[in-house]
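Each of the next two complexes has subunit A plus one more chain, namely subunit B in the first and subunit C in the second.
Up next is the complex of A and B:
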């Protein structure tokens, strides 16, 4: 059966209440009449035989690149880098697509007599993955063969001895990446392109880079000029990464990029109502919703979080492309847009969105207030092409409990950012100028990043810059059902119900505002004309 | 009287570190396991194995026993030798051996690991029938005890690699087992265990249930005048064939015996990758209950 395309629904009196994520729970809300709801296309049909698709991709590379077998030879140095735990969301059912690709590459390397192989998790400034996460990502076979020999490593952006300066771009941006990757005869990069922001030159130029290199594009100026960073051709973040990527290529570093795309089959059968449109919920879906909603409301947040984070998504693989970076990425983007893009006519005054329990930076962890800010104003707001879904000076209404909870092991610098920086100012420019350097160079945060499972000290700053374009564009942000004190700390306004939030928004955008809801799950991207 | 004073009165003072401990001889290779072969201990072990250890092991390791008839007709006492991939190996062997062999079997266990503390030694001896084998230095005590037990009619289970494999690949065999079998004149039976490394390898902290194979070889009857090295070489050759059979099938293992040496000539990542490929079939299934859709075999819709 072919997947039904996405569409924009206009709310009328017979439209059933709409599902909003509310952290580790959901809400059903009645949107005002004439509001619009963006429904994403249904999950695209998955490739039945993924292993054969991978073999085909390795044998028939895109762009100016030889088949993988022709690039492997005895005595060579091979490095295989792969995306870290921030993708996909939630983690996919075993086998993870990365593990299938890595196994296929290792199989060929073994047959070709390649002795010197190393796997590198492309962490950039993210936290180190746990052993269980690594095993899931690369697969048990690769883990058991490589880990005991120290051949499965995680990129360390603070290990200066293992970084190699490639040079500067024509814009003066420093390019410095993992020495092992740079000095290898071949660097194979295995990615998962969940959204259009991922992949391309960003994989190596960011994933394997140092802080000194990443700061050239992870800053307020670049983010404000990325409109949006989900649209590569209008994104300064990507332009910078592309400049760096081309410099890496010109330096003679041979990259064999393997990009994979997934459909939006995000939730298993027990949560199938999340995948369906509300008017199509049958008796089982309605009963499941009521049972889940009621039970989760009475469940302590920590337990609800554990339940949700144990979900494994039955994603289907929709594409595997390999070869030269830019040619591969064009094919990948076409597939991502086919899955997520919905055409929308005109902007809106008020944009509503429900935030889920997980974002890229809190896998198996707590969605702290800074990540709530980043997921809403960074990711969901930027899920557009051409124009933002909400007009200049418009309002975004978020549904999330926004509790002041932090994970001290994964997000230590976030706690200090929340307590020390946000109490002073929420202006990204001032934050960048005044505080970034101190946090980025803090030896304790660096120690935790290198030896524990902590995000780099500078990471909360990047989260804040991620929302800089939205902050610049919006007239206000209201959090429905959020902890008032926490919401105010973020510079937002709290509201207890959707009606209250709409009333408050009305005072900013004027009477009779237009309302658009970004329906999630699953992921949807607006193509605004 | 305060709690700390009461504690002081009731607790025996600890011995100074430099003081020569009179009980020090009772750990390691000198641990006395005679109690574990008394009738009450044997009845207890028999019940524990029959109703707890063996069923749980079979559930976790789902063994496929190949050449069971060898075990049914095995002359006892005998020395049973096996490759060593995991702590599960002992349990797996005990769970597949016929009761007549199992209930009169002792297991050679590393004295430095299983008998380093009295409680550990007591439990190993009581539950598994373990006897301490000295691995770190030359000692006659272990071999004397083994010979004595074989002469008394006990079967002896040994892992001649001397320890678990660090990477899943087999290690060099030591001749101790052959020496003991020659001395007493009992048959030696090689058994190949396949798959326990993936379930609980040396570096794995978490048990991963899965499937295993137990393949019995042919009993080797030592000839008089044979040297231990020659006998262990016969054992090694059998294990090499059984190892190939675990990865392929009976016919291929014997008709195309190339490639899977026991132990392999080198131990790089390629050897592990190519050697263990049969342990990772394209479609993975797990017998372990996992919630929220995680038991689905692949990312398909």
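Up next is the complex of A and C:
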């Protein structure tokens, strides 16, 4: 059976209330008539025999690359880097696709007599993964074999002794990456490409780089010029990474890229109503919704968070491609777009979106206000190709409780950013110029990044820059159901109901506005014409 | 003469304390303070003048007395019945149109006693004779039964305690000179007088210290922990480099010092911290946020508190008090900057700096003397009700009359 494509529904009298994510809960909202709802395509059929698909990919590389076996030889140094805990969202049921790929590569390496193998989690400036997260990502076998011997490591962007300067791009961008990866005879990169932003040259050029290198593309200017960063060919963020990636290749660093794609089978059966269209809900879906909604409303946020973060997604693997970075990534993108892209005619005045409990940077943690900002204006706003879903000067309405809660272990610099920076300004350019360096060089944040599970001190800045293009584009942002004081500190406006929010938005975009709702997750990307 | 009088009535003190937690106006009405008409006080000798208040401020120490929250330590240094009010700008009947500010300390020079060691050295705030001499017990006008106080239509002031004010000074600036002098003294208390300074609390005391520290110009940065919107707004207006919520103090101390942190332990912090609240929480927070070897100045009037002094011991923090004012030794750098002598009476310095420091901005509310219940309730609410300095405006009493 083929999956039904995504589509755009026009709301009429018979349309039932629409599900909006609301952090660790949901809301049912009635959208005005003639509003559009953008539904994601149904999950593509999953590959039945993933292990065989992996073997095939290793043997039949894409682009100008030899099969993996031809690149392995005794006495060589092999490094296998892999995407960190920020992917996929939520974490997938075991076995994680990364673990299957890593096991296959390790098997081939063993057969070829390779003894010097090291695994590196490509953290960039993300937090170090916990042992449980590492074990889940690489699989028990690899974990148990390599971790006790110190061969399962996590990239440390602040370990200057273990960074290697590769050079500068023709645009003057410093390329500096993990020394072990750079000096290996072969670097295998194992990716999960959840959205079109991931993968390609970004895997190594960002995932294994230093702050000094990353700052060349993670800045306000680049972000404003990335329209969108989900569309590689219109994204300055990706152009910069591609320049860096080609420099890495030209420097003789041999990369065997393995990219995997997943379908949108995001939620387990008990939450299946989350990925069904409302008018197709049966009795069980309705009962599940009522039960979940009622129970979550009475559950303390911390407990609700725990419940949601324990969800494991039954994602199906839709593609495994290996070989030369750019050739592989083209195949990957095609698969991602096939799963997520929906054609939309024309922009909208008002875009509504419900934010879920998790984004890339709060796995097993709190979606703090800065992450709310990033997930809405950085990620969801940018889920477009060609043109933003919302017109220039339009309004985004977000559904999220936006509580002033932070995880001091994972996000220490976020707390200071919220208290010290956002109380002064929300302007990304001023924030970048005035505060970034201080936070990035703060020895305590560096210490916590290197030894604990904290995001790098500069990370909240990147979250803010992530939204720079949206801020530049929009006429206003309204948070429905958010804590008013917190919402205002983000520079947004609070509203208690959807009607209030629409009324407020109307004062910005004019009377009789068009409204479009992004019904996500599961992930959907608008192809706007 | 009309005045507000505090009488020694234990039952009313207890009632005020009890009710103050949930019914402030009832607490004032049922408390030890009453509005009375009576004959004027007689001057002890020809050095004393009849002073006619124009504005008279309500201070935290007044509130602590009325609501029976002050430390019993002050009992022997207070004589009943007394009229509160020690932040006063006055006129003299014999010199109409000229304004004076009262320096309310009742020290050796006004008590007719030979100068004690402290007074002889200019440190009149440490006078050891505040319970001796010509007057009844009382550390200041406003706590002494012999002199009366500013919350009245008339009281007695020693001629040496009246400072003539420049004509261009507004009444608001004038009435703030006494608390501003306290603030200058507090701002000069850290031995280091440089580096980063944090001020915990942004009521009248905290904001005055901020104004003083800015005027002195010796600190590289001043962070103010302010609870309420009006306090934050005034702190910014008065030039604070950072205005934060009190809950953020330790985090701000850490980031300002680029220090490490483990739980509540900070490897660094502010060079000096002035506590302008006086509660156990504020003092503990000040101690935890100050760099090892740094100084914490207690400028807000504390009462009996329960403090964890382990961090004070471990970090070798110097905790020192700051009371009132006396003579300041400015040091060459500050003296040159301010164009003042190196040794100067705090009050003289306060008068010199009050206008440029914009200290009058802290006066937010004025009430008639007859509105004392509302006035004291407002002062008690403070920042919660957008109030900083609440004063009695005696010109309004005359209208009443």
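The criterion applied here is as follows: the second predicted complex is superposed on the first by the 529 of 529 C-alpha atoms of A that agree within 3 Å, B and C clash if a C-alpha of one lies under 4 Å from a C-alpha of the other, contacts with A are read in each partner's own complex, and residues count from 1 in each chain.
The working rule: a contact is a pair of C-beta atoms (placed from the backbone, for glycine too) under 8 Å apart; a residue touches a chain by one contact, two chains touch by 3 or more.
These numbers were taken from a predicted model, which means no experiment stands behind them.
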Based on the superposition on subunit A, does the combination of subunit B and subunit C result in a clash or a fit? fit
Which partner does A:447 contact after superposing on A: first (subunit B), second (subunit C), both, neither? second
Of the two partner chains, subunit B (first) and subunit C (second), which one does A:420 touch, if any: first, second, both, or neither? second
Which of subunit B and subunit C A:312 touches, first, second, both or neither: first
Report for A:433: first if it touches subunit B alone, second if subunit C alone, otherwise both or neither. neither
Can A:496 be said to touch subunit B (first), subunit C (second), both, or neither? neither
Between subunit B and subunit C, pick out the one touching the greater number of residues of subunit A. B
Determine, under the contact definition given at the top, whether A:56 touches first (subunit B), second (subunit C), both, or neither. neither
Closest CA approach of subunit B to subunit C after superposing, in angstrom, is 18
Once the two structures are fitted together, what part of subunit A is touched by subunit B and by subunit C alike? none
Residue numbers on subunit B that touch subunit A, as the complex places them: 166-168, 197-198, 201, 203, 208, 268-270, 272-274, 276-277, 279-280, 282, 284, 290-294, 296-301
Enumerate the contact residues on subunit C facing subunit A in the complex. 242-245, 248, 251-252, 254-255, 258-261
For the complex, which residues does subunit A have touching subunit C? 415-416, 419-420, 423, 438, 442-444, 447
Name, in rising order, each residue of subunit A that touches subunit B in their complex. 43, 45-46, 48, 50-51, 92-95, 97, 103, 106-107, 109-110, 113-115, 117, 139-142, 144-149, 151, 262-263, 265, 267-271, 307, 310-317
